[in-house]
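What follows is a group of structures, each given as structure tokens.
Each of the two complexes below includes chain A, the first together with chain B, the second together with chain C.
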Partner chain A sequence: MRKFLDSSWRVKLSALIMGSGQLMYGCVAKGIIYILIEIGFIAYMVIRGFSDIVGFFTLGTTKADAWLGTVGDNSVVMLLMGIFAWIVVAAFIYLYVLNIKSACDIEERVSTGRAPKSFIDELKELLDRKFYITVLVLPVVGVCIFNILPIIFMILISFTNYGGSIVPPELVDWVGIDNFKKILTLSKFAPTFARILGWNILWAVVSTALNYFAGLGLALLLNKDCVKGKAFFRAFPVLAYAIPGFITLLAFKFMFSYGGPINQMIKATGTAPIGFLDLDAKWMARLIGILVNCWISVPSIMLLATGHLSNRDMSLYEAARIDGATPFQQFRKLTMPFMLFATTPVLLGQFIGNFNNFGIFYFLRGGLYMDGYFLASDTDLLINWLYNLSIDNNYYCIGAAISLIIFIITSAISLAVYVKSPSYREEDTFQ
Partner chain B sequence: MKRKIALVLIGMMALTTLAGCKSESKEATKEAASPTNTIFTGELEENVTIQVLENDTAISKGYFDELIKAFNKEYEKYGITAVDANMDQYLDLANDGPYGYGPDVLYQANDVIMQYAEGKHIYPLPVEQLDCYSQIPEAAWKAYQVDVEGNTYTCGVPVNVQAPMLYYRTDLLPEDWKSNWDDNKNDVPDMVENWNDMYAYSKEIHEVNPDKYGYMKSLYDVYFSSGFLFSYGGYIFGDNNTDTNDIGFAAGDANKGAWVLSQLASNMNEDCIDDTITTNAYSKLADGTYFATLSTPDTYTTFYDSLVEEYENDGLTEDEARDKAIENLVMTSLPKLPESGDLTEENPSLIDTKTMGGVNGYAISSYTKCPNACLAFVDFATNYEMIKLRNEKLGIAPAREDVAEELGGLSKQMYENLEKGNVVLMPSIKEVGQIWTPGQTFFTDLAKDSFRPESEKKFKDLDALKAGLEDMCNQISDAIHTLE
Partner chain C sequence: MMKKLSVGKIIDATWTYALLLIVAFIFFFPCLWIVLASFSKSGSIYSFDGFFPKSYSVATFKKLFTDTTMYNYPRWFLNTLFVAVGSCLLGTFLTILTAYTMSRFEFRARKTMMKTTMILGMFPSFMGMTAVYILMTQFGLINQLWGLILIYAAGAPMGYLTQKGFFDTIPKAIDEAAKIDGANSAQIFWKINLPLSKPIIVYTALTSFTWPWSDFILPKLLLKEKDLYTVAVGLMSLDETEFARFAAGSVFIAVPIVILYFALVKNMVDGIAEGAVKG
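Entry: the complex of A and B
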């Protein structure tokens, strides 16, 4: 800022007409690019940017009526285009600041008697010293469009009344924090939320731990020298991993159904069939869910662990053996710290994935509402409840609000665990 | 890391600020005027192509091809051509239509079509101008009516009625059925005329051979099970299926209907709790494990093919197997129910069994460029000849009285059931989507109850059943209204 205030009129002109400072100091190509950016931005704002920003606030004023031929406003599209316009504005502000900085830098170089960098030199820098910018531009743009935009969209939806009977052509409106108030104050919501959250946390912790240790155990087992035909045995879990998850889940649903093979075998012994997944089977269904999830997830952990295990320093194990360490002590003192250090971020990813594991209970035991639960069953996770409320019942705004709450919970847990983990605290140890 | 946390906090603060962005309420832009006359002027748009979304079976069985050929020939002089829209049945007209995608004319079930009516994605039709208008019963027209801004519009043209039917095998009847199971001597077995005899026969079959069953059906299926509630005074929504504040699954003596289901379940096995019977009914009816089941008319060919295959496996030639399957596989309307709800009652007073059903029909997209040509197509496709041809090719039960009358048999029965109100049409409002899961939960619980130890049974008497049904209604109400 100081630099800008102390600069000459040439630089200050850049604040009004982007690129003019560069042009005046002879950086023609750079100056033209900045001018074109400004012209492009102004054109965009005039053609649609300004109306998109207005639309972002109003979310439409004219209701579409196909019978009368009124085209009308689509609030959801307006919200999306509004967010896009803000992103364009933010990108322009960034480029604008870059333009001022660039003009200041050029002036500084000139004042110290050096020639301004030529456009070719700057381009060369992008392939050398600033290569990171070149390779990051495309991913950042992609992340903005495909990640940031939908996330912001979802977050903003939670502050609107979108859903229920308010879907296009009806006009959506901003409602502030009404949806959050509703979730927190509605007497029917709180008990279900607490129950599901409790089960959800238990599920995520148990599933993650079980999958992790089962995958690690399998990898260690198949890493043993005494195991013959390792490649053959490794193929089986990979096969389970390769089959699409929902097909596996439907197959398990059939296996545990009353007419499925497990009950057929039970019936053949003269015993009454067991309702493994029916509405009385709360804990049995939960256990089956955990085991089925294990079946689906263990192969990926096994593959990951197999890779990491091959990087172990085997001399440490040899030393431990000489010192008389038992295999369990070696596992606890050497293998586990090494694996935890390398895989904590993956473990967190697994935890979040399991916390939000929609498919397991949707496919295994969907379509039931239990006593004591508001529009949910006793195996539903928050994400399943979210689906019941938002997609099944069309309350997209409430669904968005709950997903924001889930996001806050999972990110708080993940952040806390990550900050405490050796992966973060001892980041430099292995470098 | 502190910087990152600070950034997250700044982000959250920005969001909180946005929460204050609350604009004024919207104002209505234009008053709705009756649009039917302005849209359908009667002046055919010339040289246009109409995209028609038809039923998959109608396409695969060749009916649709014949329909468009006949229509295109008739309207050749105007240059109007109807073609297959070649789109998925599960279209999203509300989102695709405004952008120029989607069919001009669509054939779907009434509850699917009417989802589009409230948002005005399909046109209100001048149905009284159509050839079929006077031939279709009021109940079927009502399935396509919608109230928009205080006016009632009809947005679809009924073609055929869909409702559950009873499937059974005559070769699995007892040999002495004419003497012992035909009290009224009308040459129709009593077990397919009333549920009391069906219950008694199911019990008898299962007692003689524990691996065989009489009537079998997955009870969780709301579409098939709710008819038993309707027969005793239950209903879906009040005020002609439009008032979502009045949910009537527990109304009247609906608990007697639930009791009937519970008694029927007592002669089944645990497969009735989940969807096992729904998936295995074709093969189990064919191999003689089940005597009877419920299904929709469109599944007749699947039952028939399974039975033919079974007969062929028994050593019959293909022709013999086909003849025998036609002779032995019967699809008929549902048996009558005892007024008391007691399936063990001797000489009960009988009432009609009601069923949940639907009416499939045509609608015209609001995004079509040629509404008059589309209306001409709908008029043509619902005329006497075409509906008759549709029945011949697809075996549908027509909604037209004249065709149903001429065909007689099942078509006439279905038409009469519709006219008498025994086919309770699925509501044409989107809130109907909220009845399935609560209903499914109740009926699963009811089926499961038959297999619980006596001390753990939930539904020991009619009062308990009533309470269960009321819980179901409350859940539906919660699903519809809590988040409004």
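Entry: the complex of A and C
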């Protein structure tokens, strides 16, 4: 900032017309690029930027009227384009600051008697010292458009009344935190929310723990010295791992269905078939879900654990054996601490993945709506409810509010665990 | 030379093998069931004798590829292949480059970017689906396989952490040496680090291939025409009477992936082990 205030009129001119300072010091290419950026930005703002930003606040003022032939405002598109306009403005401000900085730099070089960097040299720098800029432009733009923009959009949607009967051509409005109040208090949503949340937490904890220890146990079992033909035994879990998840899930659904083989065997003994995944099969269906999830997730944890186990320092085990430690003590005092250290991030990822495990119950029981639940069933997780609400039934704003709540829960848990974990505190020691 | 086996060791080995056999059976049985079902003569699951079909033939496979009026499986298969290969190429490219720069360069926004990706990863995966849907309508990419590739590839660099871990283990001294010899950063990457990172490239390619190969949420949302379905969406539309067709379709789409995994499982374990934090 100081530099800018002390600078000559040339630099100050480029605060008004971007690139003019660069032009005057003879950096033609750079100057032209900056001028084009400014022209482009002004053109965008005049053509649609301003109205997009206004639209962001009003979310539309004229309603479509077929009788009068007025084309109404589409609030949702306006919101999206409004966010986009903010992003463009932010990008422009960044470039603007960059422009003044570069003008100052050029002036400094000239005043100390050096020639300003040539355009070619700056381009070359992009392949060398500043290679990271060249490389990261594409991923960053992609992530911004397809990940950040939609997430911002949904966060904002949770503060509007979009959904239900209020979809374009109806006009959407900002409603503050009404949706969150509704979820926590309204008799339509609150009981369902509480029930699903409770089951969701139970599910995430149980299945993460079960998968983790089963996977670790399997890896240790395969790692034992007495096992010959490790590759052969490892092939079966890998087979399970390789089969796409939706196939496994659909197959299990068929297996437990009324006509499925398990029920046929039950019928053969003369008993009535059991509706494993039926409406009233609450705990049975939940148990099947947990076991099926185990079948799907254990192999990947086993592979991961096998990879980590080969990194162990075996001399520690030798020492422990000489000191007379039993295998169980070795597991508890050596293997577990090491594995927890090495896999905390993975464990956390597993927990969040399970918390938001959409596929399991979508395929096993999808589409069931039950009494006592609003558009959900007793095996549904929050994420399934979210799907039922927003994609199947157009409750967009409630769905968005729920996803925000899911985010707050998962991020609070992971932050608490992650910050305490040794693999975070000592991140750089192992690099 | 034979070591004398103590009784304890024999018991130990016995229960180990017993357990391993049980595990193998648990993992193998459903796969076997599906494979046998795909060769069943009558299609419906109701005509099965317990777990297994009463009679076998390859008719279902023939039907799968010839009877395309209702369920155009060959078409779905090609769609899936196109989307998966496209996202694999683009996604691997972007992920490897991102991971490499995150590992090798110190720049101001680095920590911020790492934290941002971590936070973004905690949002429910299809929280933004409605927005993505509206965006794609705005771009005119609904009912376009290209649109899917774009979304998969754009999301791929978010999972760069394992790859970054791998690049962290390649000694930086090699880079320094090359720099002294006059190579610039781009050359160091292409000529020195890339050839060294084969295991992690294989790992990345495999994961970014299998994800679109087996995803069903995005295609279901973005592809509304039956001819544009991917296999996942297509197979979901089959019911119990078409069980054999479902099984055959599943076998056919699972086999390439299974072969890939078995060919590359060693690479994967190495990739994970090297990308991991060393204890």
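Keep this in mind: the second predicted complex is superposed on the first by the 388 of 431 C-alpha atoms of A that agree within 3 Å, B and C clash if a C-alpha of one lies under 4 Å from a C-alpha of the other, contacts with A are read in each partner's own complex, and residues count from 1 in each chain.
Basically, a contact is a pair of C-beta atoms (placed from the backbone, for glycine too) under 8 Å apart; a residue touches a chain by one contact, two chains touch by 3 or more.
As the structure is a prediction and not an experimental result, all values here were calculated from the model.
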Task: Which of chain B and chain C A:Phe233 touches, first, second, both or neither - done: second
Open item on the list: According to the stated criteria, A:Gly259 is in contact with first (chain B), second (chain C), both, or neither; which is it?
Closed with: both
- [ ] Pick one for A:Phe361: touches chain B only (first), chain C only (second), both, or neither.
- [x] neither
TODO: In the overlay, answer first, second, both or neither for which of chain B and chain C A:Gly142 touches.
DONE: second
- [ ] For A:Asn393, decide between first (touching chain B), second (touching chain C), both and neither.
- [x] first
Open item on the list: Touch test for A:Asp278: chain B only (first), chain C only (second), both, or neither?
Closed with: first
Open item on the list: After the superposition on A, what does A:Ile352 contact: first (chain B), second (chain C), both or neither?
Closed with: second
Open item on the list: Looking only at chain A, is it chain B or chain C that touches more of its residues?
Closed with: C
- [ ] Considering only touches as defined above, state whether A:Lys63 meets chain B (first), chain C (second), both or neither.
- [x] first
Open item on the list: Taking the superposition on A as described, I'd like to know which of chain B and chain C A:Phe41 touches: first, second, both or neither.
Closed with: neither
Open item on the list: Residues of chain A that sit at the chain B interface in one complex and at the chain C interface in the other, please.
Closed with: 257, 259-260
Task: Interfacial residue positions of chain A with respect to chain B in the complex - done: 57-68, 70-72, 74, 155-156, 159, 163-165, 167-171, 173-177, 182, 186, 188, 257-260, 263, 272-273, 275, 277-280, 367-371, 374-375, 388-389, 392-395, 398, 415, 419, 424
Open item on the list: Per the contact definition, I'd like the list of chain C residues that touch chain A in the complex.
Closed with: 9, 12-13, 16-17, 19-20, 23-24, 26-28, 30-31, 33-34, 44-46, 48-52, 94, 97-98, 100-101, 105, 107, 113, 117, 119-132, 134-135, 138, 150-151, 153-155, 157-158, 161, 168, 184-186, 189, 210, 213-214, 216-217, 221, 232, 235-236, 240, 243, 246-247, 250, 253-254, 257-258, 260-262, 265, 268-270, 272-273, 276-279
Task: chain A partner contacts - residues on chain B that touch it in the complex - done: 1, 5, 15, 18-23, 25-30, 32-33, 35, 39, 94-95, 97-98, 119-121, 123-124, 269-271, 273-277, 279-280, 366-367, 430, 433-434, 436-438, 440-441, 444-445, 448, 451-452, 471, 475, 478-480, 482-484
Open item on the list: Taking the touch rule as given, give the residues of chain A at its contact with chain C in the complex, in rising order.
Closed with: 76-77, 80, 124, 127-129, 131-132, 134-136, 138-140, 142-143, 145-151, 153-154, 157, 218, 221-222, 224, 226-227, 233-248, 250-252, 254-255, 257, 259-261, 264-265, 268, 295, 299, 303-304, 306-308, 310-313, 338, 341-342, 345, 352, 356, 358, 382-383, 386-387, 390-391, 396, 399-400, 403, 406-407, 410-411, 414, 423, 430-431
